[in-house]
Structure formats: structure tokens, C-alpha cells
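One chain, chain A, appears in both complexes that follow, with chain B as partner in the first and chain C in the second.
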Partner chain A sequence: MTAVTAEVRRTAVKPRSHPSSHGETRFGFAMIGLSVLFVAVFTAIPIVASLGLSFFSWDVISSPEFVGLENYRRLFTDGPVLKSFGVTLGMALAIVVLQLTVGLGLAVLVNQRRLIWVRTVFRTAFYLPLLASTAAVSIFMGYLFDYKFGVVNYYLGLLGIPNVPWLTNGFAAASTIVLIAVWQQAGFTFVLFVAALMSVPTDVLEASQIDGAGPLRTLLRIKIPLISPTILFAAVVALINAMQLFDQPYIMTKGGPGSATTTVTIAMYQKGFQNLQFGYGSAIAIVLLAAILVITGLQFLAARKLVFYQ
Partner chain B sequence: MTGTRPPGGALARRTLLKAGAGGLSLAALADLAACGKDGGSSPKSLKMLYFGEQAAATQLQNRLQPQIAELDASIKFEISAINGTDWNDFLAKVLTQIAAGTPPDIISVATEGLQLMASKELAVPLDDYVTKDLDALKEYFADIHPALVESMMYQGHLWELPDSFNAGNMFYSTGLFQRAGVVPPSENWTLDDFEAAATKIAKFQGVNAFGWVVRLWGSWTSFMYANNANLLEEGKYDGGDWLWSKAYAGDAAAAGRKGGWKWGAPTANSEATVEALNYMIELTKKGLSPSPDVGGGGTLQGLFASNRIGMSIGGGFWAGGLTNAGMKNGSFDVTMFPKWKSQRHLFGAGGYAIFKSSKKKDLAWEVLKLLVKPETFDLVFPGNVTTPGRKSLVTAARYAKTGPKHWSVFYDTLTKHPDTAPIPAPPYYNALATALNQRTTEAISSGNAKAALDGLQSDLEKAAGAG
Partner chain C sequence: MIHSTSTLARIGRGTGVAILVIAAMVALGPLLWTVTTSLRTPAEAFTNPPQWFSLHPDFSNYGAVFDRIPIGRFFVNSVVVTGLIVVGQTITCTLSGYAFAMVSFPGRSVIFGIFLATMMVPLQTIIIPVFVIVRYLGLSDSPLSLVVSALGSAFGTFLMRQYFLQMPRELGEAARIDGAGHFQTFLMIYAKMAGPAIATLAILNFSGFWAEFYRPLIFLQSQDSFTLPLGLVGLQGNLGTGSISVVLAGVVLAILPSVVLFVFAQRYFIAGITAGASR
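Showing the complex of A and B:
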């Protein structure tokens, strides 16, 4: 054994027994422990509790009664609740498609501006709606889009356009809510896409220009493939958010007219908190969670073919 | 290494984490399961739940504390406010508090929640307390209309002492009526008179003749009552003689009163009920009424106060609401709801109950008696934000500042229209309210009252079965 080997062995062994290293390990565990505790208290335990509760019939007041899979059986034969899944899926898909399209479109436009302050101003402007309280925005939008007294119909009236039943017709109400959700959330995807577009290598863009590619071809064949991981991330986050849509329809239409905007989360709230069927409400929550997991899984499967990793 | 047993240290940590998470979950489930069994306020405080803002609740708490201190100097009176757009919201939040293990000692609940609370035995019947203190309470009962007391009974027992109510009368803008050349309506006006007035008012740009909101109290349901229809079969529980024969002996208004309203099988798609909702759809089609909002009524009062609505259904609480919204005394007035097949009105009452889990029930009873004293009413409800349940408090002096001119309509609704009845709020009120809201907006949107009410009938049958 040479002196060098012995020295290497000493240094290799030394950190394990050094007191400061133990302290560092403990500190590390403490930090991880805090995160674990946070996730456990605010995410894992509520999910486990909901899962447990979904096998009970419980009205808060009386003792819970074990009913096995009855809540799930009921869910899959409950027309209005099943309809709420359809409503949610339809609205969520519309929101995701529009949110990605608007976010990407704005990001491409802003990215073409060479002045940095122009980008900054636009980034701030498009991101601002995201910072506003959804409840406050929904109340405000409810007034704006009121059929008879709303500002929107007032100005349309000045142009000779008859009042539009923004929130009192089923399809119109769902569309209005989708547009408002997109208006508020597009800033998030916009900021992601701006950052992604800025990170596209300039040599690749220059090479495409030399090869004679126009702006549209460069966007479709160079930029979008290169930022496709960001698009995937934005799509996953947007879909997860959209599947949990609650504030806007609950505040603006209470899920109506009829059940045209009754999303799964509204149905869950109605069953659980208003009809005092907490077990059934929990079963709806668990099925929603499973649906989101499945859809997200499908997104990742599709991403294998569509997403380009450098 | 996947699938193989990790080193001992790692296993121990994971096992510990798993055990910890599992233990916490079980503890959480066990806590949930245990909810509602115990709790209540701390030994030195008496907790009351109140529908409204916390700032107002704290003010009320401070105003009542000296009187509570006279009952028990060691007790701190705590009022927790619960916000909500309507009673459906309020009850959902109350039940969440119960689930969280913090039930109150006293709760202020309106008709909407009475049968839910009583059927689940969240509160205690007040029969023994009332019987014990009947002599002291004779003055109270003599001042409270028996219809209000009966609305606080369930299965023969009295669950709350009522202190307030609101009947669905018709408020109108005196300014818009004058501009349209419409004579102020008399108390015995008819639905034809109502529509004639509405047609004249609707000619003004940006004005709707009649505004309403979707809810159980004072919505299209007022038209339903005037059409001699209801969402549920009406009946009454036996019993209640223990109270009527003693507290209301010789009072003609108490004749035929029993042990509380018994809401039977759903009748939501009966011919007369469909006719009432169809009438609302026709009002919308004729441009006499806008599509209604769901719940609350704050927006409606704001629109009324800005002279954009000519008429709306309101109770005594509208006097304070419109004044707070900036309306001057004289710019609005009230009359009876118009006569259709009958002039039957609906009403909702408010009162106080003692929670079953309270460990200070006797003290809570003393506080209940304090809360229904005449001098307490304005401490609890400053500014005419509801109608006093005590007739002696419904006076010209009370409405001198706020109006309306015909304030006597509020109590006359009970005395002149003895068929006036509480809103149909069975033990499954929450499910009923949710279904009613959805089906009403469906009817207005589709224009098909029958289809929507067939749906409501089915919803209510399910809810009644589940309840």
C-alpha cells in the first residue's frame, strides 16, 4: 500500500466520523422532515382521510356508518354527477387549448420585440390577472357579464347588438367561464413560453434563417419542437388546474343555468357540504383525483412521441 | 437493488415515517368520526353562532356582555359570525364547525335550518324550560304571533324562541311608480294589477319592472304560495297542546295550531306549481323581469336602490337594507303580495336554540330569555335589518327614519292573512335549496317550467328518501 493510497482511504473514511458531518446530516433530515411534514399534513393525510371517508356514510352529525363501495356504486349511476364530469372535461379541454394557444401566441409576439423593457411591460401586464383573487375577479366578471345590467351588454347595445345571455344560457355561460379562466391563467403559460423561447439557441435560429426558413416555418419546425418540454409542463399544470375549476362557476352561476356549469368540484361541494353527504362527496373527490391522474398519465404517454428533448 | 431489502437504518426511517403517516391518518379519521359528540365552548365562555359579519358580531357581543355578566359574572360571552350568501351557506359552515369539534352553546337559526337541526337532535327541545318559566314568559308569548312560534316547533316540541321574521311582501319604488303614472297599489291588489303596473314601468330604458332572486324565501315561491301551491305536501305534527293551551289560551290566532309543520311528499311538478314558475318565465319573456341571480339579495337591493327595478319581494329587512343602500325615506314603500288564487304569503322566522352538546344549558336558557326581551332586539338588530317578532316593537316610531310608509303591512301579513305559512324547509332543506336553485335557473334558461319541475320533483323525492 502506497502512502497515496493510505491518504485516499483516510480521506474517504474521515467524513463519516467527523462530528460536523453528522450535524449536516441531521440538518438535512430536519429540512427534508419539514417538507415531508408539510406534504403529509396538507396533502397526504387529507387524501388518505378522504379515501377512508369515501367508504362511509357520514352527515357530520351522526356517527359514520361503513358502507363499503356503495358511494362509488352510487356515483357511477348518478346522472347529474356523471354529467358534471363531462362538463368539467369539456371546459377543461377548452381552457387548456385556449390557454396554451393564447400564451404561446402572446409569447411569440413579445419575443419578437427586441427592446427588453417592452418585453418586461408585456410580461407584467399579461401576468397581472393571475395575481388577482379568483373570487374577486369572478364577482366582478359577474357584474360585467350580467344579462340586463352588465357593462358588456351595455356597450354592445350602443353598437346595436342585442343583449347576450352570457351567464343565463347554458352554452354561453360555460363559454364565458372558460374565457374568464383563460384570461386569468394565460399569463402563467405566457411567462413560461417567453422564458422557453428566449432559451432557444440562436445558432439554431440563424442556421434556419440561412436555410431560408420563414418566421412561420421557424416557429413550427424549430421553436415549438425545442420548447415542447415546456409546452408539456404547461399543459399538465393547466389541465390539473382546469379539472378543479370551482370559484368562477360557483360565484358567477352557482353551477347553472340548470347544471350547465356544475363542475365536479361544485358537485362535490354540494353533496358534501350542502347535502351533508361527506362520504359521497369524498368518493367524488377520489374519483376526480383518479381521473386527473389518468389524464396526466395519458399526457405523458402522448409526450413520448410529441415532446423533443435536446 | 429494486425489490431488495434496504439497509437497516433506511428501513427503520421508512417504517417510522409510514407508521407516523398511518397513525396521523387514523388519528385524523378518528377525530372526524368523533366530531359532534362533544366539544362546545370552554368552561368560562358561552359561545353563540351568528349569521353575519364578525365586526357586527363583536359589537353585539360587547353590547350584551354586561347583561350576561349579571347572569354569571365569570362567563365571557363569545359570538362567532358566519358569513354566507344565504342560509344554505350558513348551515354548511355551521356543520363544518361542528365537524371541526367546536359546536356552540347557542345558535341563531332561521326557519331554513330548524327542522334539520331538530331532526338531527343538534339542539334540545325547550319545552321543559318554557313550562318552568311560563309565568315569566307569558308577556313574551302574548307579544309574539302564534304562527311564528308554530314555525319553530317540530314533532310537537319547541326548539327555538323566535325573535324576528320576514314575510314576502312587495316593495316598490315610489319614484318609478309616479313617473310611470301608476297609482300606488292597495293592500288587496291582484296579479293583474301587478302586471299592469309592471308593463307601464318597463317602458323606461334600463329599468326592469320586477326583480327577484332564485332562492326558497321570497322568490317565485311567493307566486307559488299565492297560487295555493307548494313544493311539498303540507301537514302538521300532532302535539304542542302543552304550549297552546297555556301560553295562548283564548287567542283566536292560535286556534288549530299544532306541533309544527310537517313537510310531506314532494309536489314540485303539480299543475299549480308549474303554473307559478311559468308565470315567471312569461314575465321574463315579456321583458318585465330580468333573468334572476341565485341566492343572496344584496345585488337586487342595490339595483332597486338605484331605481333600476320597480318592484321586488321583500320583508321588513328591506327597510334597513334599502336605507343602507342609500335610499331616502319615502322613495320606496311596501304593500301586500298581490292576490292570485289567494293572497297567501310565505315567511321565514329567526330565533335562538340551545345546542345539545352545551355544558351550560341552564345559563344558555337564561341568555335566550335575555335575547328575546324587547330591549335586546335593537342591540341584536340595529337599523331595521329584520322585522321584530314582537308586535309591540313594530311601531311608527321604528320606521320613522327609514320608512316605509306602510310599515304596518309587515305584521298585518300575519294577522290579516292567517293562511300565511312558513317556507317549506324540511330536514333535508340543504338538498332542497340546491335542487331548487338549479332547476329554477334551468327553467328560466330553457323556458320549460314543466321539464325543470319534473326534474325538481325527482331531486326532492331522492332527497326525501335519503333524508
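Showing the complex of A and C:
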């Protein structure tokens, strides 16, 4: 907020060196006023405050106490919290890779269908899971993957496969939550890729056919390079979301069994809001933010070599 | 191409269709099970094999869910919270998006740059200060806390700005020559043409905030303030496996408004997803 208002004030008194009239300036400021106010108070200030709070020890009741880098020192020696970063990274990478692969595969297959109604039917089917809230999905998936009574184990049982501890074994629980997240989110990448594939110019595709390229070659050499900017965008968005994974593990496993599905955001919730350690919680938040920014940066770096811009 | 339709190509196409059909069954199966199980009696709900088609639907669960929890109250809370955010953001983002696109004022690019920078920061990493501010404003445990802290949106502003940027400036200039004021030009000419962008933003906000679980979990403590997702998770936690059909009835009720809206405004749901990709 201070930064924003200072900016507004400084630029407001700057002598006008461009043609915008005094009335237009006032109009512009009036129009952005509400947005600036709300974005400042509930996004910009909290970013600065989150960083600031991470240098304090604060239990909400007594007044905050400056502790310097203590929270960060503690974080880097706090085994369970460090583990939550590993858990999050592993689950997030799995989610992103699967979500992109499934979304792209289905998009390519749907795109090959010539009949419009066939495309519409599949598009609707793959989109529907996105209409349910993650809370709703976590509830019914919890029942479906129930160890004793769940439908999934029932059908596996018919095939002679013994009951799988989907949510009650550490590795299995993390994998199940990854699959459930992919089940719901694949529709997002699917919709993006269908739109991108439709925008691939037909003359390019015809040219590659005339040159004798088969469907697989056309896909790998023409279509995927042409939609690679969309793939990059999907990878970035999917990863930022997956790094914040909270609802499904919180509702289905409470971060367990043990700490197998305790993601960073669950650890932060426990430290910050259950143990009322706002300073320590903020430090976890800042390290998570840094991790997200670094990974996003790496994605863009990799994209320099891999993404094809027309 | 058509002449070279070999057996191999036909097998390939058949496999493609088969994969699509299986994928659609996987995508829809859990949703179908949720609906049909919500129509079984609580005693049968967890008995296998599951019922994929309801021959004798039992709607008693839909009554029971109202008796077990104040789901009517949750519903009203969700409608009010989502509705106010949708309307509020439509106003704030349309105004600011227009200004950043069409009005020249000093500091415009710097302020817009700050907006873009905040878009990079996920909500979860700033939730502690947001919670403190909400509490300081005296809004803790009120559904209004969810509304007030979501009335501004850098992304929404960005989305509206992109749309206004494509509009011809000549229309506004002509209106100005005819004596229309700045605000009149905005309201009577440009805002009227912004319908598709407003619809996209509204749908995006509806789906996001109707389903929201994280902020309600942190901001709200008493059951009377709960929104639907939070209330349903509480219901699931309080009941044993004996009444999953009641819980699932609640889940179906919570999803239904999204499905109805999707039927009528499908293209704006799709536009909402692809809108960000133009960045």
C-alpha cells in the first residue's frame, strides 16, 4: 500500500509532459481507485507484511517480537517442515506431468474427430469434473477409495486383486491424491490444448501430409512445436496450483498417514493457524513463494530452448 | 490420405475412440456414482455392487441433509458471498481495466506493472496477513470477510484491460466531440460492448468462489457462517459411514448450480480457461 500510494502521489504531482488533460488524469485515478484500494489492502500490503512477519515471533495475543532470521534458521532444521517441501515437490511434479500428458493426449484424440457433436460430447465429459469443488471431490473420492467398502476395491476384488490401502498407506495415499487431482484438473489442460490445436493452420498440416509425414510425425514435428507456448503456459499454471495443494490432502487424509501427504500449505496451516505461530507460518509461506518463483523461472529458462514462437 | 486408409490406420483410429470412451467413463463414473448413491437408502448406500442406474430412486436423503445440518443456511451464505464477489469484481475490474486500456494518466504503466507483479503471488503465501487485516477490520467469522478481501483483482483488471484494448478508440473520440463526458463515454459506449469479457470474468469468479474451501476454513469458525464446501466437509466428518448417501445428497446439491450454469453459459467457462493463455 505504502509503495502504491507513494507512487500515485509522486506521479500525480509530476509536471504533465504528455497530452492527457487534467480532467482525464482525474478520471483515470477515479476509475482505478477501487481496484487500487482493494488490491493494495488485500494483496500488495500482505506480500510485504508476509515478508515482514517472517522476522517476528507472534502468537496473535501478545505483541510481536523481532527475532531476525530465527524463523528461517528454525525452518531449515525443522525435519517435518522440510519433509513437507519434499512431499509437495514430488506430488506437484507428478500432478503436472500427468495432467499435461493426459490433457494433451485426450486433446489430440478429440481433435481428430471430424463430427462436431462427438467433440462436444467428449469436451463436456472431460470438463464436468472441474465443475465440482475440490471439497466435493475429496468427499466422494474418499468414499470411492475407502479400504473396506470402496467401489474401487470392490471391482479390483472381482478381478482377484486384494484390497489396496489407497488412503491408509503413505506412498499409496500420496499417489491416490495425485490421481484424484489429475482426474479433476486434466479437463483444464485438455480445454487449453484443444483450443490451441484448433488454431494450428490447416495449410501447414496439409503441407506436411503432402510431404508424406504420418499422423505421429505430424503430431511430434508440427502440432506440438506449434502449440508449445500453450504447453508452457499450462505447465506454469498447473505447477503454481499444484505447489499449493491443500484441500484434497486436508480433507481426505489430514496430511497422513503419518506425514505422508502433509504438503507445505498443510504444514503452514498447522503452524500458523493451529499453533498460532504467525511469524513461523509466514517464514514457511515466504520460502514456498520463493520455491514457486524459482521453479517458474526454471520453466521459462527451459522454455527458451524448447518453446517455438512463431 | 483417404486412399491410404490401411488396416493399421483403421486400428489406430479404433484405439483412439476406445481411449476416449474409457477416459470419458473415468471422468464421469465418480460423478454418476455420487448421484445414484445419493438416491439409495442410507442402509444400502455403502453396499456393493454400486448401483449405476437408479431404478427406485429414494429422495429421502435430500430431506435428511436439511435436518442434519443447516444446509439451507450454508446455501444462502454461499449465494451471498459468491454473488457479492461476482458483482463487486465486475464493477472494480471493469472500471480499472478500462482506465488502464483507454485513459492516459501519469503513473499508469507503473501502477499496472505493480498489479501484474501481484498476480504472480499465490493467495496461500499471503493468507496470514490477509487474515490479520480481516480480523482488524472486525470481519473475522463473518462471511463478509470472504467478500471484502476478494473485491479487487489484478487478474480481473488484466482480463478487462485486454478486452478494452481491442476496441476502436475512434468511437470514444467521436462521442467526446459530440460532448459526452469521460464517464459517459465509458458507460454508454465501451462498457456496453464489454459483455463477453464481463461474462467470462463473472463465470470465472463464480466457479472459483462457489467452490472455495481454503479461505472459508481459515476465516470462519461458527457453523452459521459456513459456506457450502466447508459445511459439507463438516457434515462428512460428523457422520459415520452409515449415512454417506445423506452426505452425497449434500454434495449433489452443492454441484447442481454449477452444472445448471454450465449448461447455459458453457462458452464462457471455456473462455475463462483460455483467457489466461493469451498472456
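Here, the second predicted complex is superposed on the first by the 270 of 310 C-alpha atoms of A that agree within 3 Å, B and C clash if a C-alpha of one lies under 4 Å from a C-alpha of the other, contacts with A are read in each partner's own complex, and residues count from 1 in each chain.
Simple rule for what comes next: contacts are C-beta pairs under 8 Å (C-beta built on N, C-alpha and C of every residue); 3 or more make two chains touch, one makes a residue touch a chain.
Since the structure is predicted, the reported quantities are computational estimates derived from the model, not experimental observations.
In the superposed model, A:Pro64 lies in contact with chain B only, and not with chain C.
Of the two partner chains placed around the shared chain by superposition, chain C is the only one that A:Leu106 touches, whereas chain B remains out of contact. When both complexes are overlaid on chain A, the residue A:Thr265 reaches chain C alone and has no touch with chain B.
Using the contact criterion defined above for the overlaid structures, shared-chain residue A:Asn169 touches chain B, although it does not reach chain C.
In the superposition on chain A, A:Phe55 makes contact with neither chain B nor chain C. In the superposed three-chain model, the partner touching more residues of chain A is C, compared with the other of chain B and chain C. By the document's definition of touching, of the two partners only chain C reaches A:Leu288; chain B does not. After overlaying the two complexes on the shared chain, residue contacts for A:Phe193 are found with neither chain B nor chain C.
Contacts of A:Phe85 after superposition: neither chain B nor chain C is touched. On chain A, the surface touched by chain B in one complex and the surface touched by chain C in the other have residues 36, 40-41, 44-46, 49, 53, 60, 149, 273, 278 in common.
Of all the residues in chain C, the ones that touch chain A in their complex are 1, 9, 12-13, 16, 19-20, 23-24, 26-28, 30-31, 33-34, 37, 46, 48-50, 91-93, 95-96, 98-100, 103-108, 110-111, 114-115, 118, 120-133, 148-154, 157, 182-183, 186, 207, 210-214, 217-218, 228-230, 232-233, 236, 241, 244, 247-248, 251, 254-255, 258-259, 262, 266, 269-270, 273-274, 276-277, 279.
For chain A in complex with chain B, the residues that touch the partner chain are 36, 40-41, 44-46, 48-49, 52-53, 58-64, 147-149, 165, 168-170, 253-260, 262, 270, 273-278.
Residues 3-4, 7-8, 10-12, 14, 16, 18-20, 23-25, 27-29, 31-32, 34-47, 49-50, 53, 60, 102, 105-106, 109-110, 112-113, 121-122, 124-144, 146, 149, 151, 154, 183, 186-188, 191-192, 195-196, 209, 215, 230, 233-234, 237, 240, 243-244, 246-247, 250-251, 265, 268-269, 272-273, 278, 281-282, 285-286, 288-289, 292-293, 296 of chain A are the ones that touch chain C when the two sit in their complex. In the complex of the two chains, the chain B residues touching chain A come out as 17, 20-21, 24-25, 28-29, 32-33, 35-37, 88, 92, 95-96, 98-99, 120, 122, 206, 208, 290-291, 294-295, 303, 308, 428, 430-431, 433-434, 437-439, 441-442, 444-446, 452, 463, 466.
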